[in-house]
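Presented sequentially are two complexes of chain A, the first with chain B as partner and the second with chain C.
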Partner chain A sequence: MEISNLTKQRILDYLNEGKRFDSRNLEDFRKIEIEIGVSKNAEGSARVKFGNTEVIAGVKIATAEPYTDHEGEGTLMTTCELLPLSSPRFESGPPSIEAIEIARIVDRGVRESGFIDFGKLCIKEGEKVYSIMLDIYPLNEDGNMIDAAALACVVALKNAKMPKYDEKTGKIEFGKLTNKPIPLTDKTPLTITFHKIGKKIIVDPTREEEDTSEARVSMALFGKKEVMITAMQKGGEADLTEEELEKMLDLGVEKFKELSKLVYKAVGE
Partner chain B sequence: MAYTKRFDGRKFDESRKMEAKVGVVKNADGSAMFRFGDTIAIAVVYGPKQMHPQHMQDPKRGLLRCNYDMLSFSVPERKRPGPNRRSQEIGKVTEWALSSVVDLESYPNTVVDVHIMILQANASTRCAGINAASMALASAGISMKELVSAVSIGKIDDKIVVDLIKEEEDYEDGEGATDMPMAFTKSGEITLLQLDGRIRPEELKEAVKIGKKACKEIYELQKKALRKMEEK
Partner chain C sequence: MNEEKSMNEENKREIGIPGEIIVKGSDYLPGEGTRRNGEEILATKFGLIDISGRLVKIIPLSGIYMPRPGNVVIGRVLDANFSGWMMDINAPYSSFLPVVECPRFIKGDLTEFLAIGDMVVCKVDNVKPKGVDLTIKLRGLGKLENGMIIFINSNKVPRVIGREGSMIKMIKDETKCDVVVGQNGVIWISGSNVEDELKAKEAIIFVVEKSFVEGLTEKVKEWFDGRKK
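On to the complex of A and B.
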């Protein structure tokens, strides 16, 4: 389902004039919609739309054995399934590298920022901890899955309630939630991905633009007063100049603040 | 204690609140959502498109391929992402439930892919999936004889009930619970029938009659949603 070279050339021509097919500026996001708590059986969930890209993320919590190097901490597992229903580009089968990468980039942003207070997710040190499972599904894929997925996950985590844990049996009573939120900190991470097409840098590509992209940089940022970078990944074959990276970092901080406002508004913080 | 009153207060022959909507996934050739109360299914159609691998092409007719799965967080205890034995079987019976109404002879050498995803589950997911899939096929403009509508009929203790919820499926008193998902074409032919539990032949005959009646209401709702799409 690759797009034609003609379309690619046209996208490039447009960008060189500072224009995009949907009349956005190069550093503009599409219209972002956030819906919270979209699934009754999930501990937390959210639906996020970036234009025609629609993603749902859900949180499930179970008990598990801690990792031997973090015996007093809960665990996090993030998965992404690129459903064939969301785009003719996706096929059924084991997770593609594309799906794995999305999940890993989102996971790193959430984990490294310190957004989840893993120490408070310990039930019995060395034996039993809560395990948070974050699952990402696109319903309609039209580019920039990474940013949409990361945002959906953060909102789903903020929406989530701890399940009921029966001390006697040592088991979670599935289907019963408490009023207690997941132990989160104020270090809300968000991921922003920049794409390089020709000499231009854009954010929030549509599928066509993403297919034209020569390189990308995803960065997870957090921080209310001072913005910090907590995870990064360069993808794609083209190389970046130092100036381009600096430009992305400056823009990243700006875009992070913009997205953060949307998130705080959606969750009522 | 006999089962005299349903857990959610419905009448024995009453479905949960239903909702049907067409055009929920923009990328697809056709798509629809169908909801029985807390059970929400979406179905998406891609095709007819050329069949690959080529050796599976049939020069006489197209192939209908149905794929059913649930979101990991659609159920209280997380479902491991990806297909399992249950979802593969449901995909297959869904294919059979729909094949007879789709005019596959019109699409030689092609495949029509139907993807069903359960967004939220509280029993009757395969029926909600079939209802959505039938609408999605129609909305994709696939040539069809008629629509298919599905409902789960249950026998809870000695009562025949329409559209089971999870609590009813798990009922253990008296004669326990029997779950019978079934699908009918608009003209009343049976295209899906599964059963687990225990039931007398006469009761099953009765259940099928009740199911057929319940599907009429579902059909009207499907038709209405498709008309709404046409108007747009």
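On to the complex of A and C.
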């Protein structure tokens, strides 16, 4: 059943007092757990938990023909499938708008930050390149899928190893990995989503809070010392004022540094 | 934890999964959640096997709410048309609240009485193959104002209510909240402040999680006492 008007009103009133149902601060994340290498068949994988939200991301690498406007560069493809097992809200079938949006936000964050060095993924210019496939699967959905998916993807990419490429047949040997990681740069991107409920800005909403949310801004940031924004996406119906957006930008940098530490700790950098 | 374990071992009940043969022979009668197939009695639901005398039944542990006439449920208004409201009561059938089943005369726009997204306590009047009919013509039924809504597994509702309502009475007394438990696993909590409501919510979640423990009422009492300190 969807959220009721009553619960929505309660969340709104409680947030106006500056409090949340799970006694978190407005800008606090839930407990984040990161596990790497959870899938033995994938080149790289990660499982991320944000409280009750649980997401698995997997990396597969294949060979493909490059795009004609980027002949010497590898390709990246991100997909997200919202499994019915993760929430009663999801149905099987073609990907929903929600699923497409998650995949696109994650994809844009990873692509535009320059995290993957696509130039090094070329096998033969104009003919054959490596193609990276990022797959996102939720195991349990309790709000804030975007941030969890983006974090899982980044950790999975860092965890991934290049597969063995057979020069003679021109194919990838299934199940055989080299010790080489994917050519990555140090521009680790992370996506942080802000929700506007009433006049308050919160991060990491639960399902109930996300249903109450009026507007949403996702931003992908990167950088070790100087934090930069690479991509943004707005969702929801409500409008944002200039001050609110500025507050989000400041908070985004702060939260990015907090999350980055967790990522570096998980992959041992 | 040791205490819980020993208690569970004493009256250990086996778990049946759909399709499993529970007993053989025509001495037994198939009850709720079971089906006769020739000489065998098969489970049709996932739950604890309960054999009392000749009757074999399954106490379900999971699964969706199945409406029965007379059940008091909490529903959400999905849509309003000219003759009533379409309701969501967490059941696999569509349910309908006709305007003639309202306690007062309504003229014109039905959404002025019940708007989309409103929560309503209603009684299951009739279950037909086409759908479920609801009524709010009795005392204690009607639209809910204020408070919050939580969802639990509908199979745990008897534990939340307790024997003769002991559990729900204790939760009400301890938190000073008004609580209405729908048979469909939708619970309405309303108190003077949000902290009380959240306390009641936590208590109910505690009951649902520990629903297999014997002497749960005492455990919940201890839980409340522990939180006071």
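Everything below uses one rule, namely that the second predicted complex is superposed on the first by the 268 of 269 C-alpha atoms of A that agree within 3 Å, B and C clash if a C-alpha of one lies under 4 Å from a C-alpha of the other, contacts with A are read in each partner's own complex, and residues count from 1 in each chain.
Keep this in mind: a residue touches a chain if its C-beta (ideal position, glycine included) is under 8 Å from a C-beta of that chain, and two chains touch if they have at least 3 such contacts.
In this text the structure is predicted, and so the values were computed from the model without any measurement.
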Please determine, from the superposition on chain A, whether chain B and chain C clash or fit. clash
Based on the superposed arrangement, let me know which partner A:N52 touches: chain B (first), chain C (second), both, or neither? first
First (chain B), second (chain C), both or neither: which does A:E2 touch? second
Kindly classify A:S260 by the partners it touches after superposition: chain B alone (first), chain C alone (second), both, or neither? neither
Per the contact definition in the header, classify A:L83: touching chain B only (first), chain C only (second), both, or neither. first
Of chain B and chain C, the partner touching more residues of chain A is B
Report for A:N41: first if it touches chain B alone, second if chain C alone, otherwise both or neither. first
Between 98-106, 116-124 or 188-196, which chain B stretch has C-alpha clashes with chain C? 98-106
What does chain A use to touch chain C in their complex? 1-7, 9-10, 13-14, 19, 21
Touching residues of chain C toward chain A in the complex: what are they? 76, 88, 90, 115, 117-119, 144-149, 151, 186, 188, 194, 197-198
For the complex, give me every residue of chain B touching chain A. 24-28, 31, 38, 42, 44, 46, 67, 71-78, 81-83, 113, 115-117, 119-122
Interface with chain B, chain A side, in the complex: residues 38-43, 45, 52, 56, 58-60, 62, 79, 81, 83-88, 92, 94-95, 133, 135, 137, 139-142, 174-175
